[in-house]
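Shared between the two complexes below is subunit A, which pairs with subunit B and subunit C, respectively.
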Partner chain A sequence: MGILTELKSSISRAASTLFSAEDPKRIGIYGPPNAGKTTLANRIARDWTEHGDAVGPESEIPHETRRARRKENVEIERNGKTVDIDIVDTPGVTTKVDYTEFLEHDMEEDDAVRRSREATEGVAEAMHWLREDVDGVIYVLDSATDPFTQVNTMLIGIIESQDLPVLILANKIDLEESSVQRIRNAFPQHETVQVSALEGDNMDEVYDKIAEYFG
Partner chain B sequence: MAEVKDPHDGVQIDLISGERLANQTSMEKIRMILDGVREGNIVILEEGLSPDEESRLIEVTMTEISPDEFNGIEIETYPRSEATDASFLDRLMGRESTKKLTVIGPANQIETLHKDETLIQTLVSRK
Partner chain C sequence: MPHQCTDCGRTFDDGSKEMLSGCPDCGGNKFQFRPGGVDSADPDPDAEPPEPPEPATDGVTRAVGSAATAVRDLVSPDPAEPDPEADPSDGATSPGQAGSTPSPADTAPEDAAQASARADVVPMEELPSDTPEPADEDHTPTPDEHDETTRHGETTTTDEREDRPDLADLREELNDQFESIRVLEPGQYELNLMELYDREEYIIALQEDGKYTIQVPERWKDG
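Let's turn to the complex of A and B:
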């Protein structure tokens, strides 16, 4: 390639990154432990990335996710348009971690202590991401449990104070005890979309809303 | 005969006025809260913390948790339901989020029994 064409193409490359409206938005998946954040992140990655690799392991043991994990350049297609996002799966936010709770899940004391230390670091990191590094939030709740907790109220308040767009997902609608209305009542100021991340129910509406909120 | 009071017999409650908090930086507030809670006290803030301070309180709490010593905190505030109809100026000044009575205690000693818009009922046990 001649030096001039090379220069021209590198300038146009630079310009296209400078002016592209398609810079991926970084979307943090937040919520309490065990809400189904990782299950959702994995489903989004599986549906929209070529290799469909999982973002991380899902588990009924709380604090399986102890590091914020990012999946880059997830391109979601909606109505002929492409929405480019990076998804960040975060550890569930809590104000307390008691390592003896892990002992109930058949874990050795050493492992439980290490797991709780990693969990606390992970939550601290997730708070940091929320203040500095995300452009939008998907807040995942287990619709079979009471949404009206201090952590949820506090987290939604923190997200609102940062003026971040937030989409609330009422997950686990496949469970009999699920109540989406209870979540709508707890956070009437935000839109709530119901979903089963595990079974893939209503994911189409979730992708519509992701495109609408974060596109 | 009256018994001599031993501070270890009871639970200390620190009621902190809005005025006292207003003169402190965010980190001073968080330090004061966590120092109190780590000693086993219940800290009650007349006017609560801003969302940003709450976020930092969670972060600092996490860094201080250590097995068999400190399990973290329990925190209760009245819900921020009226935040949505706060005036534009209030939102601009971040005023909607303060002036909320806030109760903070050690996670292993405090249990919320009931909470609604007008009442927080908490069970506090001794260390």
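Let's turn to the complex of A and C:
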């Protein structure tokens, strides 16, 4: 009886090690609003999942993503190996949400106020995920805007303090005002990969780095 | 080169006054601080990418520290303003105190650099002599009292330094400012990211009267 119990527990121990090794890593896509996080998530899903379903709707109006959305078991093949990850597209993180910003996009006041409230809940959710539920971070920045912001500095600081692997993407390199160097200057301690998630430019390097960082 | 313009890359010495009114070359007004010893990370992205997968522990701490400093600079209304509590003891060294208390400059090289930068820019003798000294008017502090305040002040600082210095300071400062979510008016919110990150319970819905619906961690329910 004793031997049997021991055997059973040793098998279950072996099985749990086996499964934990195979468990896909959960990678959070973080960044400020309108950096192109959902566009990137959709691009990855389209490139690597069978049906290529979108993770979420993309929009030029900030805070389109107001709930974290997960795409599970995305298998990325690199150099004959397969990297299995879950991607979590998170709401854009910011310190201020103001409904009047949405009124400029021809939105009714009621809708704008509701969007604003949901966006705020979304930031709370994103911060909560960062605390407990991600194994790595893809930090997306719009390379046409200034990366030296309170939000970026704070988030990168939190990610570093958690010792999470982080890959910084300088997105929107298709825009004329784009400056990848400015992002490299802002976070010299991390590697920055340039990309246009919208156009699909340089996605190969992004996948190489995803495999390298999170594989 | 401790300071670098983030736009054109021009560098400035520690404590340089040149950049006080913007970069002389490009007019940029954002500079990054690179303490001595980090120079090896001089970014030449094409040449050799850094190796982030194995960041040294001190690298992480330093990064968080510098992140926190940057944020604090953004947050505090007037960073150049000297700490009023520290002031009275700085000029006149009270008897029996000299040499007994470790000066902040001893704690870390960065502190020394900052201290020297401060000293270079605003030497004590240049400070206006008519700085408010309310104590002189109605109550002159005895040396004992001086010691008390100074010691008290320094003890606190030292304790915070030992325990994840800048992140702790930053957290406290932000928490003092406002709670995790402040409703200015319906549809307008200010968020305290550190507080949101720190709290175990998870805010799932907001109400306009400022109340939240939260989800508490499983283990709280066990009782």
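We adopt the following convention: the second predicted complex is superposed on the first by the 196 of 215 C-alpha atoms of A that agree within 3 Å, B and C clash if a C-alpha of one lies under 4 Å from a C-alpha of the other, contacts with A are read in each partner's own complex, and residues count from 1 in each chain.
To be clear about the criterion, contacts are C-beta pairs under 8 Å (C-beta built on N, C-alpha and C of every residue); 3 or more make two chains touch, one makes a residue touch a chain.
These numbers come from a predicted model, not from an experiment.
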item: Simultaneous placement of subunit C and subunit B on subunit A, clash or fit; value: clash
item: Touching partner for A:Ala124 - first (subunit B), second (subunit C), both, neither; value: both
item: In the superposition, subunit B vs subunit C on subunit A residues touched; value: C
item: First (subunit B), second (subunit C), both or neither touched by A:Pro165; value: second
item: Which superposed partner A:Arg184 touches (first subunit B, second subunit C, both, neither); value: second
item: Subunit C region in steric overlap with subunit B, selected from 45-53, 63-71, 99-107 or 117-125; value: 63-71
item: Footprint overlap on subunit A, where subunit B in one structure and subunit C in the other make contact; value: 93-99, 113, 116-117, 120-121, 123-124, 127-128, 130-131, 148, 150, 153-154, 157-158, 160-161, 188-189
item: Subunit A - residues contacting subunit B, complex; value: 93-99, 113, 116-117, 120-121, 123-124, 127-128, 130-131, 148, 150, 153-154, 157-158, 160-162, 188-189
item: Residues of subunit B defined as touching subunit A within the complex; value: 50-52, 54-56, 58-59, 61-63, 65, 67, 71-77, 79-80, 83-84, 94, 97, 107-108, 112, 115
item: List of subunit C residues in touch with subunit A within their complex; value: 4, 6-7, 9, 30, 32, 41, 43, 45, 49-50, 52-53, 55, 59-60, 63-64, 67-68, 70-71, 74-75, 167, 180-181, 186-194, 196-198, 202-206, 208
item: Residues of subunit A touching subunit C in the complex; value: 93-100, 112-113, 116-117, 120-121, 123-125, 127-128, 130-131, 146, 148, 150-151, 153-158, 160-161, 163, 165-166, 181-182, 184-186, 188-192, 212-213
